[in-house]
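Letters A, B, C and D name the chains as they come in the text, with residue numbers starting at 1 for each one.
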């Protein structure tokens, strides 16, 4: 039952050369809270993330992706996936765990994006002054910034969209929901999910002259659910000199109302202002956008995306975020 | 794999003694479109419903529930469920199908709510003037009323919440997401789902003096995703003399921002203005609201619900909708 | 030119028996900032209030109205109004000023609500870390609470709506925009303005058994302009145990989308989530709602208002806010 | 009292070479209603416009401005303004009236934009099936398109912003609210109002190689008040193949959340999605944006405006709207 073995995106680790700036951004502007700190890493979560953390920020000399962590649907699901990953040659072996979770099996995509899959995980327990009578919410709504509610998805730049997509479908059981396909049959982008969300994971072709090899992060997305919060955040960012790369706008693919910003460390962050559409059809035929339809695929309404959107991922040689 | 065998709510049939009024409401106010008409029935869908119909309106001398239709996750899933339903004694046998779908297996809940499960289904094909370049949307956004986007869930009044809940969990593989439990252990309400939605199905205890037997409908919900549309709809309803029973408000259970109205036939319709929260945790522990917490469970913010909300379902002897 | 002599609501002073609670509410929840503190008073403003303060909070042993301050349209306008007020017998004489403004002429309404009118006023100058490149905004958007943008209006409880209304129209040049009139000709409420806003000032009949005399405050309103902020604030209030008296809802009168809460000191505060409608017609005929239409006048959509709304003003013998 | 003599924008007349397309746009997409038809002209209004019409659409062989109509504050105000206009040489004389209003005095700006000022005006009377119990609303909310609420302002392209601005200030009593000034002292744009709105009238420098002389229209704006309606309209326009030139975005000047579209006749229409900020200060100092600040003045957040925004007005030699 490969199809149901992965349940969700558990957390993402990013690297930052500017941990103070990065933490200020996620805590003061996006209202996330710090749950732990160890070595060069700080663990953060949104107020509706149920686990110990959804974001791990680790200091490095340049920005980029640490790893992506997936939660299996059960202990058995985990074992089935590990068996297949071992056979595939993509598996890297078990680690004992990290703050917030137990044993995890590490693997890489064809493009060398580091990932892991796990079952044992720690739930967040609210401190006394953070509890809420809203029993399906793990903590009180924060009183700071324009607080994001939960992690939503990750988008990875790829030298070969199809190879990476196939790997996630074949080894992990992801479903292809939408893709953009050139006339020569090659894919420009693919959107994959294990749930009714259109994607927890996307691969986008790297249109830059390849720099510093593979494994680049395009963006991580956090979820608001309400369009007004994108407008509120746009004001807060502008008045705090954080560069908005694009949006608020609405994509054709996934019908996402969203915006993109660069956190001070240089990584691109997407903010998701509605829920797009959801896919409940168990027999969903992937939506294929052709080369001629790529414009509508990218922008349903709003201004065209800037060049950086297609060429900048992290790590990157020339960052659009000025160094300090 | 009972757990993944049901994929989604496919459609609901309601009865109405006022087909003209009911159709006016769904078409002119909620912007739904008619896809077929046969005998005493009219088939409707929202603009983001992918199948032939999500709502079947059938003329009867009083309002109420026709049936609820679930789509299985595969042909095999369907067969597995039918086998279990047959064993359980709840099965009623196969029908050849209806407009918009093939063979369906009929069954009833302990409270005699009529349901069916099916696999073969017809997709909606937009007429030429209704096509859209937005390839993940089955038709153009309507230009009428405040158009709902898709069917969301159904809520059934029950003489025994626990018995009905257990049936759906045991025979169909639904997951319990939240429930309200009295101090004596009996359940006032249960919210169940097969997807990350908190519910496609809820059972609420019937607090009226039982009238006209079992099988009552509390409400069907259609989805907007945007809070402003509840405000827009409230204006449109008020200016068109349609009674708003409650809301806009936000429930504690499911965190739904929503409102309730009576369509002219007398059935209660919920409009859902955001996406609430979504459950991706494969090991979700049901949220239990106690008798003392029932107020927060029902209303997170907004005015208390009126008495009708707890006592009126359809069919009902004394309708809050004045007869014409 | 009495008609144009008063330009705007400048500020309001309220009394509070719980200054810590009151300041926490306005600063942490409504995102207002403190600009000065003197004696038993603290001066606050919203982030789009241009002057030194829009709210003065003064410690007293019970909640209530300090005074309402109006800004004249010019020095000449001020002189004309003072002359008329002196003649009317309502004038109390000049004060030298207060923090944030110069000489002001004090007067009282027939119900003894304390008011003043002034011309010289101090503009707020943002501290260096509060400046914004948005040159029509006096300071950066705050990063705390759900920040209100400006003071909007004041609503006063009255023993005699008509007498108070006439006074403001005759002596200050206010325009009657809407009123609710009983079949016996007496007014239940009147909404008055000097600008296209439907009201900067309203008088509502006191329906309680008159307690502690005249001069009661019904509420002060602060402005958001965006409906989502009422939803955001509702969440924040609920999770911080602040009582929401009513709303979000939409009034018929003034078409205001709004909500009402009690600040910890016991005064009622309205939050205004849109701009209602604006009156530009120089020949506006006041909208008269009859006794039969009072329900639509009060609620265009949303639940009926609770009894406290009609009977509680400050100061009041029995407060709906539990004492600590 | 020149300062208060003009009360409001009453209506605007535009020319269109495609009356069917233009009327379809205003009626089906913006939900406006037709109140009269005479000769080559059709008279329209938004559902919260109180007068007979706010928009007159007249067939001509190219798009452009017919005239702008201002309502005086009183009969005396009108007489005072006419006297000054006659002296200024800009006056063209009286007309008896038009459908919906009585005698009007015609004049032109230095750039030859045709205007008129009037006092006698007809109020809209709703047909029986269009009445509403909301007594401050002249008709029921329409059930079509994304209905605009009222006319907001007009923006005129100018060969000389300062000359046109001075004329409106000197002869009509408009107040300068904001302007963008180049380092050489010349104005790029000026925003003027007679009410707390930041503008009922703006002049923008024509940056195209001047074509077809003076008197061009940049855009007319209609008001929603709610940001979601810009998103809703964007969907409706995109799915109906109407070109969105820019937005949704937020200007620095006036803090307007808005978008721009071309109606099928070729005129630019702005849709206003909030209320921006309002100016109540009677002693307002105009906000001056310098050449260096022009970018923030134009875009507070959102993508940069396209070149057409600065170079296209109507009439124009090369229209961005493809001819049919």
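FYI, a contact is a pair of C-beta atoms (placed from the backbone, for glycine too) under 8 Å apart; a residue touches a chain by one contact, two chains touch by 3 or more.
Because the structure is a prediction, the values reported are computed rather than measured.
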Interface residue overlap between copies chain A and chain B, same or different (over half shared): same
Pick from A-C, C-D or A-D: which interface has over half of its contact pairs in common with B-D? A-C
I'd like to verify one number: the distance from the centre of chain B to the centre of chain C, where each centre is the average of its C-alpha atoms, in whole angstrom. 44
Approximately how many whole Å separate the CA-defined centres of chain A and chain B? 32
For chain A, jot down the residues that touch at least 2 other chains. 133-134, 226-228, 231, 235, 238, 300
Which of the residues in chain A end up touching chain C in this complex? 28-29, 132-134, 140-141, 143-145, 226-229, 231, 235-236, 238-240
Please give the residue numbers of chain A that touch chain B in the complex, ascending. 1, 4, 7-9, 48, 50, 71-74, 77, 133-137, 149, 178, 195-198, 225-227, 252-255, 274-275, 277-278, 280-283, 287-289, 293, 296-297, 300
Complex contact set, residues of chain D against chain A: 227-228, 231, 234-235, 237-238, 244, 246, 248-250, 257, 300-304, 306
